[in-house]
Amino acid sequence: MQIFFILAIPIFLAAGAFLIGKQKIFCTLNAIGYLAVLVASVMLLRKMVLSESANSYFSFIYFDALSAFFIFVISVIAFAAALYSISYIKKDIDSGVISERKAKIYYILFNLFCFSMLLVPAVNNLGMLWVAIEMTTLISAFLVGFYNNKESIEAAWKYIIICSVGIIFALLGTILFSYAFSLLGDVKSLNWSDMVANAGRMDKNILKIAFIFILVGYGTKAGLAPMHTWLPDAHSQAVAPISALLSGVLLKTAIYAILRFGIITIKGVGFAYFGNLMVLLGIISLAISCGFILVQKDLKRLLAYHSIEHIGIISIGFGIGGILGVGGALLHVFNHAVTKALMFFGAGNVVNKYRTHNMHVIRGVIGTMPFTGFMLLMGAFALAGMPPFSIFISEILIICAVFLKGYYLVTFLLLGFIAIIFGAVVHHFSKILFGSIPKGMSVVKEPLSGKMAFLFLFVQICALGIVLPFIKKDLIWMVQKLFQG
Amino acid sequence: MEHLNIDSLFLFDPLSAFFLCVIFLISLPSAVYSIGYLKGESSGLKTALAWFLLVLFLISMGLVVSVRNVFVFLIAWEIMSLVSYFLVVFDTKHEKSIQAGTIYIVMTHIGTAFLIAAFLIMFKYAHSFNFAAIKSACSLMPPQTRNIVFLFLLIGFGTKAGIVPLHIWLPYAHPQAPSHISSIMSGVMIKTAIYGIIRFVIFILGVNSSWWGVLILMLAVISCLVGVIYALMEHDIKKLLAYHSVENIGIILLGVGLAMLFISMNMPYLAVFSLIAGLYHLINHAIFKGLLFLCAGAVYKATETRDIEKLGGLIKKMPQTAVYFLLGAMAISALPPLNGFVSEWLTLQAFFLGAFSVEGGYRLFLGLCAAMLALTSGLAAACFVKAFGITFLAQPRSRYAQNAKEVSLSMRAGMFFLSFLIVVFGLAAAIIIKLLAKVASAATGINTSSMSFSLNNFILSPQAGKGVYLSTPLLAAVLATLGIAGFAIYKLVNREKAVIYKTWDCGYYKLDSRNEYTATTFSKPFRIAFSFFLLPYRKTQKIRESFYHVKSFAYETHTTMVFKKYIYEPILGLVFRSAKFMRKIQPGSIHLYLSYIFVTVLILIIFMRKF
Amino acid sequence: MQAIILFGVLASTYLMVIAKRTPALIRYFRYQSFFLFLATFAVAIEERQIDLYIIAGLLFVIKVCAIPYFLNRIIKRMKVSEDLGLFVNAQLSLLCVLGFTYLSWVFAERILAPRNEAQAIMLAVAFFVVLAGMFLMVFRMTALAQIIGLLVMENGLFLLASTVSGGMPFFVEIAIFFDVFVSVIIMGFFVYRINKLFTHIDVNKLSRLKG
Amino acid sequence: MIKILIILLQLIFFIAVSPFISGVITKIKNNARMRKGQSVFQPYCNLVKLFSKGEVISETSSWIFKAAPFIVISSSLGAALLIPVFIFSGQTYYIGDFLALIFILALGRFFLALAALDTASAFGGMGSSREMFISSLVEPAACLVVFSVSLQFGSTNIASFSGMHPVSISSLVASFALFLVAIAETSRIPVDNQETHLELTMVHEAMVLEYSGKRLALIEMSSYIKQMIWFFLIAQIIFPIAVPCSINTAQIIPWCLWYLARIFMIAGAVALAEVSVAKMRLFRVADFLSFAFVLAIIATICAILGV
């Protein structure tokens, strides 16, 4: 039942944003709304994990533990973003970057965006899945081009075009799936549940082709190299909370879609095919992101490339499979979402303060904004996979899985790339965070709501990092539940 | 992967206990010292932060040496590195400390990557992260795999320990931290790497091929020499000490490597004995290096410079610190009857006694290693004559040194405690060695109850029957009596008191600090003798008033950092060049991007059958 | 009947590829959509399903009338130069596209085991249209050309869907139509913006963000 | 009680004899140079003179400068105690072995070098720098000699260098290596020259330049003792003979004579070496000592081969 609740709230909020004039009132309302969503999603997750069964309502909405998990991730980040938007948008209005009206539009779009993302895991019909994901693109395109200057418009254009093309391929794949399904001569249907039910009997070749199209198509949206090209542009130009949503969860929804089809493919043509493709693309993503991170100048682009790296790791995790691999990957989905959101909020504050993305100019953030600086420092290490932060755990799980599977070369590459990226991150962030404060910079005190958002995420990063090693059993058990789908 | 619960998390065998004891023996005085050191150094908040980090650092190190689960070990290990990184960059204003921190954390993380690889291999065989399980599984490992694991572990821990050529971070990181932290880092933290080697290679993996020991011995010898030679060239006092850490890690590893060699040759007595020597030097180095860093910190606190060329004459300004530093210097250059002497003597004896038992080729090898160790201690002595002489003796070379003051009580207390330990560990050798025997037996699994290393509580006698004895208390007594006797005779015959007059100046009218010997000139003979390795080069430039008249010459001489220049910089360059090249694939043209997608689809479809 | 329609689709696609100016492109796109409409309509008449009629109607309304009209208005409004910058000239493009035709034929016949000759041909054409759309997107410079390329691909998919599995489920079909329509409008909006900021719609010149 | 007596006796013996040795060396050198030369007892006179003189101490110096001579003398006497003179003088035998001896001598050198730096004169610095340079290069050769010798005699305990077995090649080579080491350690030509005060060549003399009077006497004394120790070691390695184990004159007297005879032989050799070669540049010393090191390696190899 919670599912409708979850889906309804964003719609109402969007309407609210349209009706309510006063920003001050609405922004808090917004945050509260997403808190409600979060609570609901937690309840949902509990229900799904504890009860085996996968619910479905009149064959349109279908969800099991897996979708519940993704809904949970989305709502966590959405809540954080809503919280952070309060201070961020306010600052923008005060500094006259955007008008009241623009802010209103922002909130409407924000809610629609969240709605479309929350819709993705909930639908059963693969066609609708496609539509939902396309919707996310169309809505977020406005948010990418929000500031309406040359860069942001260019970014938005690239984003919308490349993603649409990718999505078209995904649609092609979907059609081929339905074709393979229709060859069985049963009822024509695009429902995932039906397809999984008799995936075993489908034509292998067509499934293979179809999956390639799906992989490339949704892979474009997920930012797997070499289809990742839109990602750094969009992430670096979007409004900070939106960047967090984009790299935190938008990519993950695409991954979710790939998984859904992947499950059918696995049932149809066996695991190896799916696995190899995922691992291959994952490694390529790692390699490419590694290179770009090393020589990056733009703070937000740096973070964007990080998302590519982590998506790569995630896809490797899923590609390896098994309890360790899948568990690690799912954990990584969550950890990366949280950490990356934190980093983007931090970067947002820094960019606001220093009025530039260029990391050669930014110095001494710790001095000017102690809180943000500290959070960025912690976040950077978390992102680079340092204990006691959560990403370390999931990375280790994935590496373990890869190694135990006997992919020694992949293990080697994984370790190597992660080490190099670690070096690059520490290098960049130690330079922008420490050092002497540039002239004309004063220490600013930061609004409470912003701090709240940071703390909300940071607590999760640490807590998971510290708690996880001690609850592996329960974790494994949970993963099994999740992957019953 | 088994469920971790707390009770199966910790283990306290003598080895862990020993290392815990080392950690807290050094950290306690350092903590006391830091009270005075941090005063007036920075704001209250920052001081609190420093304390917090210090505590966290100690806890993490304690965890590292006392957990029994590889996974938790790894986490503790990384936390240790992270905290120490924060301590290195503690002084965030300086570009240098940030750069140092970066080099440090990157190097140590690369090491960790190798550790992870090694642990993964172990895990593959044991299907458990528990030490005991892995230990039992390692015996089933095929020899090739064992060798790989060994090499990975060696690289991983070697990076932390600062074995040449992985020592690159050490001289950058240690000096940049606050002094009490450098003393802990250099005294204790790098020892955790030795713990790792002993725990994982000797205890868990088990040594069964003799080339492991030989490899470690070679690396150790190289580390000794390289460390001490660079130290001789160094004039930043804390950097100098950091290089000496490289050297001493080498000496410790000589003991450990010898132990591994003898284990693989199945000579229990010698194995235990040389491990004892290694462990003894380990704790000794922890003590005197800790002390020396504290003294260096005191000097820095008093004079605001670490460049010994600017110092001098401090023995009159800060007499107590001078005495402590002198004790530390004597200990580190292995002068009797202090602790450094004992452990180096033991190490040498380990070589000599070993030579009786091994066969032909190994004998010569051991002999040469021993000779190199002797050379190292000689050079170390020279280096500390320089360090102490230039810093504390003669006349002050700058105003920094002129208006120096003796440091606060808490700092002196910290230094005093450590210098007291130096003497104790020198004189009570015969007792301590009994305790170390237990540790060694725990590490190697050899029963030492039947072995004797000392005649009684005063006289060491390794390998009974060889008639080799050393008794530091006796030696100390003899030297003291002779010295005092000499002084007494001197007093007897001495009637008129000595004339105090200025140093003989060959008739030159004003002899001042500019005529003194400097550290650079002091180390010049060494620079020339080892020029094949140091590759010294000099820059001279004329400072002209006009075209015709040269006002003065600027002259500076440098030595080439061989490893940095010929190993690290090329690798880094390669990585960056390839990254820059890769950058070209994203020129910003949307059409190109679209074609990527297109091409990917085509390629994947064409090679579909391959997957 | 079917053969004629397919031929029409093919022909209009070729025309698009050799088109040099935007209005021409739009016109040919209109033709292509019209043939598609015919195809669906024919199927609808055979199967006598109400939703097929509706889909055909939508197809006509949106793709044959609305979108081309909208695009033409954009051109008129913005008064930008009408030629689509060609990376490869018309003749070469035509050659490439012929190559694509063969490729898609091979693809359709070899890999997706079609039931019969007719279906094989339809598959081939559908794939060909998709490829052609891709080609337009990659090798034409202006933003509008890219929009149209996207639409062409979408058309191809529609054809494919209707051939392989007799079209998607009704709701999905509607949703997709709606989606396409919205996306075209949004893209149009962005084309406006680009023209306002850069005073041209040559997206090849949009390369401030790189690396 | 008797043990203590013996120890004292031994110390006195060293103090009494050692100056005489360098007197002898000077005499031989002079004669070899066709000069009459000073009497062999000149060193005694020097010592007495120095002891009766007052002293001047540099104002820049600290307690290190004042304390150093006592530490130096105690270190060389302490080292002397490790040498069996009359008999195995019980306890001294437990103090340490050959290695310990090397380290004990290092103690004295360390403080002398510091004292030299303490006076803030360029000479002192030069001296200590050179001294530490030479001594640190000496270490490996000395250590390796000890190694080869201990391989032969089965122990590093000096008292056990009393080979019943005949002279071997290895011990000959080893003793030659040790001879070179001794030349470097006792600051003789070609490494150093005790006779000049030319700053280009000074090493040991430069170090003690600021000392005068009684302290200088102590330092001179200790360097005599050091020299005697080295000579004894060389002698014991070339002509290993058993040290008497019980106190009876019948054994001790011939042993003492033989003992001195050997030492004077070595002294003669040193003297001849000094007159027959020229002083070498400081940076050639490295080659000189590396030659000693190579010899030590050869000795070790011979010892391993058992020849």
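Residue numbering begins at 1 within each chain, and the chains themselves are lettered A, B, C and D in the order written.
Here is the rule we go by: contacts are C-beta pairs under 8 Å (C-beta built on N, C-alpha and C of every residue); 3 or more make two chains touch, one makes a residue touch a chain.
Quick caveat: nothing in here was measured; it's all calculated off a predicted structure.
Set against the C-alpha centre of chain A, every other chain centre is closer than that of D. Interface comparison, B-C versus A-C: the higher count of C-beta contacts falls to A-C. Separating the CA-averaged centres of chain B and chain C is a span of 70 Å. Measuring from the averaged C-alpha position of chain A to that of chain C gives a distance of 31 Å. Between chain B and chain D the centroid-to-centroid distance comes to 34 Å (mean Cα coordinates, whole Å). The distance from the centre of chain C to the centre of chain D, with each centre set as the mean of the Cα atoms, comes to 101 Å. For chain A, residues that reach two or more other chains under the stated contact definition are 157-158, 161, 165, 209, 232, 292, 295.
Counting partner chains per residue, chain B shows two or more touched chains at residues 583, 586, 590, 594, 605.
The set of chain C residues touching two or more other chains comprises 134, 137, 146, 203, 206, 208-209, 211.
You'll find the chains touch as A-B, A-C, B-C, B-D. Note for the complex: chain A touches chain C at residues 125, 127-128, 130-131, 134-135, 138, 141-142, 145, 148-151, 153-158, 160-161, 164-165, 168, 171-172, 175-176, 178-179, 181-183, 188-190, 203, 205-206, 209, 232-233, 236-237, 292, 295-297, 301.
Across the complex, chain A is touched by residues 111-113, 130, 134, 137, 143, 146, 150, 153-154, 157, 160-161, 164-166, 168-169, 171-172, 175-176, 179, 182-183, 186-187, 190, 193-194, 197-198, 203, 206, 208-209, 211 of chain C. Chain D contributes residues 51, 54-64, 69-71, 73-75, 77-78, 81, 91-97, 99-100, 102-104, 106-107, 109-110, 113-114, 117-122, 124-126, 128-130, 132-133, 135-144, 146-148, 150-151, 154-157, 159-160, 209-210, 213-215, 218, 282-283, 286, 293, 296-297, 300-301, 304 to its touches with chain B in the complex. Residues 157-158, 161-162, 165-166, 169, 208-209, 212-213, 215-216, 220, 226-227, 229-230, 232, 272-273, 276-277, 280, 288, 290-292, 294-295, 324, 364, 366-367, 381, 386-388, 392, 396, 399-400, 403-404, 411-412, 415-416, 418-420, 422-423, 426-427, 430-431, 434-436, 469-470, 472-473 of chain A touch chain B in their complex.
Against chain A, in their complex, chain B makes its touches with residues 1-5, 71-72, 74-75, 78-79, 82, 89, 92-93, 95, 98, 101-102, 105-106, 109-110, 113, 116-117, 120-121, 123-124, 575-576, 578-580, 582-583, 585-586, 590, 593-594, 596-597, 600-601, 604-605, 608, 611.
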